[in-house]
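Some structures to go through are shown next.
The same chain A turns up in both complexes below, where it pairs with chain B and then with chain C.
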Partner chain A sequence: MRLFWNRAGAVARKEVFHILRDPFALAAALGLPVLMVIIFGVSIEFNMKDIPLAVNDADQTRSSRMLLDRFASSGYFGVRRVVSPQQGIAELTDQKARAALVIPPDFESELISGRQGQLQLLIDGSDNSTVGPVSNYVNRIVGAGAPALYDLRARYLFNPELDSRWFVIPGLTVVIMAILSILLTALTIAREWENGSMELLLSTPVRPVEIIVGKLAPYGVLGVIAIAFVYVIARAVFQIPFVGNLAVFGLGSLLFLVTYLAQGLLISVVARNQQVAMQLAMVTGMLPSNLISGFIFPIESMPAFFQYLTMLLPARWFMRIARDTFLQGSGLIELKVPFLALTFLCFAMIFLATRKFKRDLEP
Partner chain B sequence: MSYSCAEVGMADQTVIVRDLTVRFGDFTAVDRISFEVGRGEIFGFLGANGAGKTTTIRVLCGLLVPSEGFVKVAGTGFEQGDRVIKTKVGYMSQKFTLYNDLTVEENLSFIASLRKLDTRRYVEKRKELLEFISFDRPLGTPVRDLPGGTKQQVSLAAALLHDPEVVFLDEPTAGVTPASRNLFWKLIRKLSAAGKTVFVTTHYMDEAEQCGRIALMREGRIIALDTPENLKRVVFPGAVFEFDPKTPLSFAEVAAIEHLDLFTFFEPYGLRFHAAIREGKDWDRARPELERKFTIRKIEPSLEDVFIKTVEGKKR
Partner chain C sequence: MNRTLLGFIRKELIQTLRDKRMRVLLFVVPVIQLTLFGVALSNEVKNIRLASVYSPGDAVMQKIHDRSIASGWFLPVSRQAYGDPFELIRGGTADAVLVAPPGGLTRALGRGDAKLQLLLNATNVIEAQAMESYVSAIVQRTILEDLRLDPPEPSIQVNSRVLFNPSLETAIFMVPATLAMVMIITTMVMTNNAIVREKEMGTFEMLISAPVSPAEVIYGKTIPYVILGMSNFPLILGVAVFVFGVPMRGSVLVLFLAAFAFVCTAVALGTLISTFCKNQQQATLAAFLFLFPMIMFGGLLFPIENMPVSIRWVAYLDPLYHYIGLLRNIMLKGGGHAFVVTHILALGLMALVSVVWSFRRFRTTL
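Moving on to the complex of A and B:
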């Protein structure tokens, strides 16, 4: 056992020398996550403001003007007047408006006679992501003017103002760290194959698991430092509250990092070539953690098969840990399923990387 | 006598290979080769690229599992596991395998840790080996700043840290200056004198001449194995002559001479030609005719002649 740690320690020490001798890579490893969180944190915004809305008011009455005032003063919409419904549609096709509202000539007289006032809303359906918020806002504005049957009072827990940054940034941390950690290690073993030093390693009695563990340790430390930087940015720059237990978040980060680092090593072991390893890292690290981890698209709305498939994705589990520790203050008990899943995936990945590590030198 | 010759022989052999075969898929890289190498011997492997030299060496270093056959290196074999073999042998690849961004000391101490040397033993060994290769730069010199020849020497020191009984050197002098090559061969002879078995592959004929015995490999097989002197004697039993053209010859003229049926061997050697006379041919009568075009003198065949005749000659 002592010998195991000696050898793994020697590999780790050597890896630290490599990292320290390459200041550019070191700066990239620590600086890029911070930079990406800042750039994407500022640019990704689900709350929409000043949505251009084409309005054709054929009624021109007090009621219609009151309705339009509510639209204009809500802050969600910028009203653009048009003279006909056709012109409203033209605004949509010209991308000058996201939606068009048509108020028919008999709007007020219908209301006065006790019937429902008819309104038509035309929404640009070619951009799915805006349809939801637009119709949601319109309903809220229009609904406020009508007498309600029920008194529904909704409060948003954990994120009272529905600030989308609160939702995006913890998730963004996950995505960025997934990409970073997989890239950090994906190149290391492939590099040893390419520059010949793998032959030196293999000509000694070192075991694959000693190489794997030795390579995981220093990059794990590097990843934790990067995640700490990102955490500080989230708290200080974006003012995201953190209500959970920092130790729980830290433990989750470590497990998650090591899992992706091991996945990077697995790629490296299989690819033996830095270019191929790089591409594999991008495809297996970046795309799934972005698209099917629940970062933006909810897992519950995926087809059943994909919901199960995402269980193999470490990012899915850490996404929950990150969001729940940040906003809900969940502890280990509430998060036992994500933690168990992540632990399992972590060991599975280390095992696979060790097993796939070839000790012979076939050409 | 209570011991058979074979048993006595076995006791002194550090490398024993019987019917070794290595296949990669359909391709047979090494095809049923057998040989033995004695303790303290300098054993050379000669052959074109792809002849199977590196593959054989990798098997003997525990880096490649043989498809068939029996291998014993320094008293161990694959039955004991490749890791046991690796503790007994030193290996220097034809690629430069040290880390360029680490210093000499960092490289050596890294390998020492992988080989479980304790600190005291490592420091002793490092001192001894750096003296052995006459390394006179600071230990903190990054390896990338060393000249090519010194890099090779440090690689050799790295391969010797754990005091292996056998060292395998795969084209150790490829790409270094002639002076560095000479120096490196001095080290090889010193190792051999100190009782280490040195197994070396090379492309250089002058290096091959310095080996105790040489195995010539072609297409995965050993086609000749003996001391350089014996190889020359066996391959060229008759006299060998050097033909120095008095005036430049055309291809047609050379071809005409090659087809005279007077020679078993007629090959260019620089601007000259080396030729071996076919037995029973009346050389004395043919000679005056040829001397009109060439200055002819009797020579000792070189190892290159042996190599060309045995390895390349058979392709025709």
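Moving on to the complex of A and C:
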């Protein structure tokens, strides 16, 4: 056992030298997550405002102007005048407006005679995510609200102001660290094969599992430091509350990082060629952790088969852990499923990488 | 075209396609990814776990709860699990809890002071808003019906029509964007790696000492990847149109022109990035540095319009933003002339700047 740690330690030491020799990689590993979290923390906002709205006012009366004033002062819409409904549609096609509102010529006279004033609203359906909010805002402004027969009060637990940042930043950390971890290790073993130094390493008495552990450890430390930086930024700069237990979050981070680093190593062992390794890392890291980890698109809305498929994704589990420890204050008991799943995936990845590596050695 | 360049391109294509795994990564994996994300992703919030807390005789609450479940958006939480509403959400048993007023909603409505409370898990901001609008619509409808009131007739009626994707099908909206993301990985990242690999292995010096001009070297390293990217495009496009039924309302020729502009930009950017990298490890991290923001600013995950104006300018530098816009515009809307021309020109300009810059970098670093 002591020999195991000695040999794994030697591999780790060599890897540390390798990292330190290339300051670019070191700076990237520590600086990129912080940089990205700051940029996107500042820029991402889900609550829409100043939605460009093309308005064709064929009525030109006091009523129609009052209505448009309500639109302009609501803050939701930026009103752009057009001279005809056709021009309104052209604005939609050219993406200068998200929606077009047509006020017919008899709008005021209908209102005065006690009938309903008719408005036509055309919404750009090429971006699904804006259709719902746009029609909600319009209805709210026009005043088709609920009658005061009852009072339904919604309480937003864990994020009372519905602050987009509270929602995005913990998730963003998960996505960034997932990709970065895979990329950090994806080339390490492929590089040794390409440079021919792998034959050298194999002629020493180091065993596969020791190589794997030795290669994981330094990057694991690097990843934990990077997450700690991001945590500080999230708390200090963006004032995101952290109501959970820091140790639970830390344990989750470590498991998650090691899983992805091991996945990177597995890719590296399988590929043996840096270009293939790189493509594999991008394919298995970049898009899945962005799209099907529950970061933005809800997992519960996916077809059942894909919900099961996402269970293979470590990012999905850590997404839950990160968000719940930050905002809900969940502990190990509430998070037992994500933790068990993550532990399982972690050992599975290390096991697969070691086995595949061994098999490669015995022709 | 001269023979040196042709030979160069052939060598590069053979070298890339020789590896079976590379062929799979280039031609099979993109199709799988497109299918995967096209089917799986949706903006719609469904399967919300709802608990309704009320006493057994409360007929109106019972009706609200049954209606919610029947609507298809909600799943019922097993009644055995009921307890403190706050703990239900914190423990992850429910996403939303509707609490009846004390004494029951039915009686409170009779008195005229019905106060309902809706607790929502707002960890996910988007979900919370969707849940609230679903519940409030159902509550309103049920209560009005129970009091035998007609829905109030507003003085102004809004007739809404959704253009371009009236049934709001997710695949139609997602697939063009996913197509763009899949393509940038196979073009920009591949080019970058291919050039850096030669540098790392030292074969680049060999090329320079050979009797070929620097321009031939650069074209020879980039044109093959433009060819690969463009040969990939009809394949992925075919899946989008024939499998997912994404409409093709604009001109196919314009669409190919847009794809060509994008592929050239991506390859040129890959080349430019490669001039800054010494080894493939650096190339990998540099790819991340560029690719991640590109996806973020691409307009798929977050609406660009909501970003602060100063940051919106960064999005305009993102080729993915222009390309996703072009794909959606041409395929779904038939292509607005002003829009298509602006964005293709933007892509072309970016390609041009990257090419000129890479030439200068190559000259100085060699």
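We adopt the following convention: the second predicted complex is superposed on the first by the 284 of 363 C-alpha atoms of A that agree within 3 Å, B and C clash if a C-alpha of one lies under 4 Å from a C-alpha of the other, contacts with A are read in each partner's own complex, and residues count from 1 in each chain.
Note that a residue touches a chain if its C-beta (ideal position, glycine included) is under 8 Å from a C-beta of that chain, and two chains touch if they have at least 3 such contacts.
Model, not experiment: these values are computed from the prediction.
Once the complexes are laid over each other on chain A, chain B and chain C both fit without any clash. Of the two partner chains placed by the overlay, only chain C lies in contact with A:167; chain B stays clear of it. When the two structures are aligned on the shared chain, A:36 is found in touch with chain C, with no touch to chain B. After overlaying the two complexes on the shared chain, residue contacts for A:22 are found with chain B and with chain C alike. Once the two complexes are laid over each other on the shared chain, residue contacts for A:10 go to chain B alone; chain C is not touched. Of the two partner chains placed by superposition, only chain C is touched by A:183; chain B is not. Measured by the number of chain A residues touched, the leading partner among chain B and chain C is C. When the two structures are aligned on the shared chain, A:278 is found in touch with chain C, with no touch to chain B.
Of all Cα pairs linking chain B with chain C in the superposition, the shortest spans 13 Å. Under the contact criterion defined above, the residues of chain A that touch both chain B in one complex and chain C in the other are 22. By the touch rule above, chain A contacts chain B in their complex via residues 3, 6-7, 9-11, 13-14, 17-18, 21-22, 195-197, 199-207, 359-363.
The touching residues of chain B, when paired with chain A in their complex, are 24, 55, 58, 61-65, 82-84, 86-87, 90-91, 93, 95-102, 106, 109-111, 113-116, 158-159. Those residues of chain C that touch chain A in the complex are listed here as 19, 21-22, 25, 29, 33, 36-37, 39-48, 86, 89-92, 108-109, 112, 114-130, 132-133, 135-136, 139-140, 143-144, 147, 149, 152-166, 168, 170, 173, 178, 181-182, 185-186, 189-190, 193-194, 197, 201, 278-289, 291-293, 295-296, 301-303, 305-308, 311, 314, 325, 328-329, 332-334, 336-339.
Residue ranges of chain A in contact with chain C, taken from their complex: 22, 24-25, 28-29, 32, 36, 39-40, 42-52, 67, 89-90, 92-95, 98, 111, 116-132, 135-136, 138-139, 142-144, 146-147, 149-160, 162-164, 166-167, 176, 179-180, 183, 186-187, 191, 194, 271, 273-276, 278-283, 286-287, 290-292, 295-298, 300-303, 306, 309, 323-324, 327-330, 334.
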